[in-house]
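Each structure below is given as structure tokens.
What follows is a pair of complexes built around subunit A, which joins subunit B in one and subunit C in the other.
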Partner chain A sequence: MTSFNHMQQEAKEIFAANGWPNKRNEDWHYTDLSARLPSSFQNQSLELSEDVRLDKLTCDIEDALQLDFINGLLTEVEELPDGLEISALIDHPELVQQSDEDVTDPLLYANLAHLETGIVIDVSQVIEEPMEIHFHNTSSEEASFVRIVFRLAEGASLTLLESHSGWGHTQLVSDVYQHEDSMLRHLRLHQAEDTQVSLLLNRVSLDARAQYHNVAISLSGGLGRLETRVTFNAPGSHAGLATALLSRGKQHIDITTRLNHLSADTTSDTVARTILDDEACGIFQGKVIVHQDAQRVEATQKSDALMLSADAMMNVKPELEIYADDVACAHGSAIGEIDHEALFFLRSRGIGEEAARIMLVEGFVSEILGRLDDFAAGAVLQENLLKRVATFLKKSA
Partner chain B sequence: MSALLEIKNLHVSVADTEILKGLSLSVSAGEVHAIMGPNGSGKSTLSYVLAGRDGYEITNGDILLNGVSLKGMNPEDRAIAGLFLAFQYPLEIPGVTNMTFLKTSVNAVRRGRGEEEMDAASFLRFVREKAKALRLDDDMLKRPLNVGFSGGEKKRNEILQMSVLEPLMAILDETDSGLDIDALKTVAEGVNALRDTQRGMLVITHYQRLLDYIKPDIVHILAGGQIVKTGSAELALELEKSGYADYVGEVVA
Partner chain C sequence: MSQAKQNIEKETVEKVQSLAGEKYKYGFSTDIDSEKAPKGLNEDIIRFISAKKEEPEWLLEWRLDAFERWLTMSEPEWAMVDYPQIDYQDLYYYSAPKSMDDRPETLDEVDPELLRTYEKLGIPLYEQEVLAGVKNRVAVDAVFDSVSVATTFREELATAGVIFCSFSEAVKEHPELVKKYLGTVVPKSDNYFTALNSAVFSDGSFVYIPPNTRCPMELSTYFRINEPNTGQFERTLLIADKGSYVSYLEGCTAPMRDENQLHAAVVELVALEDAEIKYSTVQNWYPGDEEGRGGIYNFVTKRGDCRENNAKISWTQVETGSAITWKYPSCILRGDNTVGEFYSIAIGNNYQQIDSGTKMIHLGKNTSSRIISKGISAGKSSNAYRGQVSIHRKADKARNFTQCDSLLIGDTCSAHTVPYIETKNPSAILEHEATTSKISDDQLFYCQQRGLDAEEAVSLIVNGFCKDVLQHLPMEFAVEAQKLVGISLEGSVG
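Right, the complex of A and B next:
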């Protein structure tokens, strides 16, 4: 077994040689990182004041388990309930690299080369209380390089509420291994400052009947890439990916998904709703791969964008690679503007123009928020997120 | 006494084409007027221009509600001033529940009129009662606005909006189209419940049938962008028999 330090050393060398991906890399055509990111980072010492702690973004869920990463370092861990265990990634070198491909994947070598904190979270049973994980950078000089491996045992389940705020640069790799009949509900809330760069990679591996439900909401941040890769290893596994992106100014937000249906009888459902104002740029790259023996796969993928400004830009790149014959795969995408007739209808009922616009946009993202219905504390989350969306739209209008 | 709604020599163009060509009509408080007329004669155009829709340019004439010109007034302020249009084709709004919409609307209008907003509980009671009278069940209130509603349900939902907003002047654009006999009665009852000495109504329809239930005081025939004939309720019966041929001819000539 290669040691952790050895793998990290190798990653540093590859990063030094290759750096960040640029336009010439097909997966990064629309999001050229080499133009946006420095080639080296200094890991700052951790200086925390109480104010900072209060300022971070939270999902406001009472009784949630809390994990805080400030500037890439895990601050404190409260006592964990039965069925949850946290250990250091450095003690699990076998979990660091999944395949040879990882060695040359820019998000993975960059993460490993700079890694500040790596942990493994083992979930061995049904956990009732949601787990909140906050990532916060305290200044634009700060960078967070974190890797978390989640392992859900057979029949285990967890609701994970992840949020990102602050400045600087965050690069998170979350590796999720779900055993048979396990369930992970994963909310990802991204509401960072305009200068922040967030590269969030989610890799999920599903065994028989395992279910992964992801709801991602991005409300700001300078540059964001929310990438999710799911591998369906056995029948009955399912992934639902629902994303709402709201972007304005010169923000650049990229949602990339890769769903790899290795096994027959697996299903996936991807929905993205993007709202772009000013000169914001949105990207949806959705790839579905259905392998030759993976019969009876159902995979649907839908991307809708609502353009609030003529200067905003949306790029959509759907890719279906289907090698099995008995499958039901569908892709749909639409790019549109606010429906003027609907706007008039609402105004004719006394609702002011701004409020009517907000109502239509909220309606547009409500399908995504609706996916939180089954989450622990789902109603509170929805209300809280709807408020954030409304605040965002008011600033935008 | 001045009229509640007074339309004076109204000329309206849509995309540079003149659709209304000098239309005049006035409705006093307490009156119900019906407008009938062939397809394409400008009935919906009139209703949209009253409600203040973009793209309907008034090139001449004026519209007064309680003596105040509506020209240049935005749609929300017209609603606050007491104008209501039941749409010929109600819009579907995904993701916004009927209840949220109704509450936002009622409270926006109340705020605009300087009245106190309704709290959630009293509003719920208020809406449920009105919905029940229109035989719209609770489920319809929870669903996204008009999404997946049948034609008849959409029309009943328009009348529900009218009932909760309690406008001064209501314009109903073909609210009867697409309704079965029972729904027609329900809708007519809803409308009749709102008839009162303070309120005016303009009922646009193609069919005498509706006017059996909502008895108009006055019937107008709109053809070629003008009112070509005004009469009593009898006029509608006459039209039922002989059609528009006589009136359409007059305008062309």
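Right, the complex of A and C next:
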């Protein structure tokens, strides 16, 4: 077994040689990191200041488990309930060992090369209390490199509420291994300062009948890439990915999904709603791959974008790569501005223009928030997020 | 799964297997002496081609410049096609039937061997002359290998002021037009294959429609690749001046060969104010045998420029042949209120690989584009739609609708969709839809319970699948196109 240090050394060499990906890399066609990111990062401060105030996404449940990563370092961990265990990734080098394909994956080698904190979370049963994970950088000098591996045993389930705030640079790789009949509900809120760089990669591997539900809301941040890759290994597995992206200023946010249907009788469903104001640039790249033996796969992908400003920019690339014949795969994409007739309708009912606009935009993202219905404390979360969306829109207006 | 359906699938597989080779009725080659340049590509070959065609100095310079650029470029690798490395030095870049030196005045003087070839092809060239007085006739500029050998209806077109001739003739007789428009839509160094074509293009068609003229007939060119190991590099330049209209048909068949033949054509369309160009293609080159041996490599760059206001360019293509198709007929919507259209049927069987689609570049205000692409994969083929819709900052109220559907027949083929949608203008409305599926059980059942047998039902559904595109073909082409779709499709679906 290759040691962890050896692998990290290797990753450092690859990063030194290849650096960040540029436009020539088709996966990074619309998000050229080499032009935007430094090639090296300073040593991170190991002391945490006391007065960090976190703008956390909370479900207001007292028993909720809390994990805080400040500047890439995990703060104190409370007592864990039965069925939940946390261990250090350094003791599990096998979980880091990368496949050949991944050696060239910039997000992975960059993460490993700079890794500060790596943990493994084992879930062996149904956990009722949601787990809140928060990432925060205290200054623009800070860079966080974190990797978390989730392992859900057969029949286990977990609700994960992940949020990001602060400045600097955050790079997170979450690897999720879900065994038979397991269920992970994953809410991700990305709301950071305008200068923040967030590169968030989710890799999910699903066994038979495993279900992964992801709802991602991105409200701000400077440069962001929210990437989710799901591999369907056995029949009955399902992934639902819903993303709402609200962006303004000079933000550049990239939503990338890659759904790899290796097995027959698997399903996936991707929805993305993008709202762009000012000079923001939004990107949706979605790819569905159905392998030759993966018959009876149903995969749908939908991307809609609303452009609020003349200087905003939207790039969409929804791909299908199909090698099996008995499938039903579809993708749809629509881009446009606010419907003037709908606006007129609301105004003719006595609603002010600004309020009418906000109402229409809220309606546009409500489908994404609606996906939280099945989450623990779903209603509280919806209310919380809707407030954030409204604040965002008021600032925009 | 019902018994009947299982039978269909079994039949499908068998039919697909039996279809290859023997059904390719256009597979033969004609033995005509041809004059060739030596193998390989260098400046001397380019000078040879240019001298052979008695070209002016500026065109030779143009070719040499393209060649220089080509040397610095590398073959594109992004398309979903896989083929052995092409040795560009192992190809002939010029070949002309010998009897070209004294150009025949009438069809009687045409090499009888050539006439027989056309006869086998079913090109009614001889018949055309007989039918000269008939309305809606088709003028044929037949390209045999690299040089146009017979052009009909020239005079008739000339009365209307329409120039329709081979490219080399245009260089001699209308150098000012060629010089003004050549390379303005597809620059020499646009991509690897255009640079190659610009350096060594042999011949092709030239069309000029004068202002406010409706071309009195459908213009048509039949291309044919005949010499083994001869790359054919056509260059088509079509200009529709203000307020004119032209419908241009392009159809291709090729003899059966064991070696791969390279084909890298460039088509440039220019539509000025209020002009409309309708460009239709039926492409049925030899696709290779059932083992994937042989077949044409078809790397084509086609682009239309709606250069002035209210212009319209419409591409319609039925792609059933070639081992490899790499082709993206595109529209640059530069003028205000311009319209671009792309209708495509691409059918792949056996080991055919197709990577085709379009680009719609919206630059002007109120521009609109429409893309309908139907991909059908059978056998072990791979069929990819690759398209780009790009709305630039000043393209207010631009509109695009894209629909790309794929139908899979059998479990060893593949279908891919790779659209790029980019907008920098909020007032643009873009819609994109794509589906991939096999023939639905519900549709089959519905047809069968209405009394159709399984085979008829499948063929009905498949024909319906293509209808959106077929109906955009001009009358003259519809028969041939439907026949081709029929051969490729009915055989493969039962």
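Please note the rule applied: the second predicted complex is superposed on the first by the 383 of 397 C-alpha atoms of A that agree within 3 Å, B and C clash if a C-alpha of one lies under 4 Å from a C-alpha of the other, contacts with A are read in each partner's own complex, and residues count from 1 in each chain.
Keep this in mind: contacts are C-beta pairs under 8 Å (C-beta built on N, C-alpha and C of every residue); 3 or more make two chains touch, one makes a residue touch a chain.
A quick note: this is a predicted structure, and the numbers were derived from the prediction, not measured.
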{"item": "Touched partner set for A:364, first subunit B, second subunit C, both or neither", "value": "first"}
{"item": "Which of subunit B and subunit C A:26 touches, first, second, both or neither", "value": "second"}
{"item": "Partner chain in contact with A:340 - subunit B first, subunit C second, else both or neither", "value": "first"}
{"item": "Partner with the higher number of touched subunit A residues, subunit C or subunit B", "value": "C"}
{"item": "Subunit B contact footprint on subunit A (complex, rising order)", "value": "339-342, 344-353, 355-356, 359-360, 362-367"}
{"item": "Complex contact set, residues of subunit C against subunit A", "value": "78, 393, 406, 408-438"}
{"item": "Complex interface listing, subunit B residues touching subunit A", "value": "51-54, 74-76, 78-80, 84-85, 87, 90-91, 93-96, 100-101, 104-106, 108-109, 112, 144, 161, 165"}
{"item": "Residue numbers on subunit A that touch subunit C, as the complex places them", "value": "26, 292, 295, 307-337"}
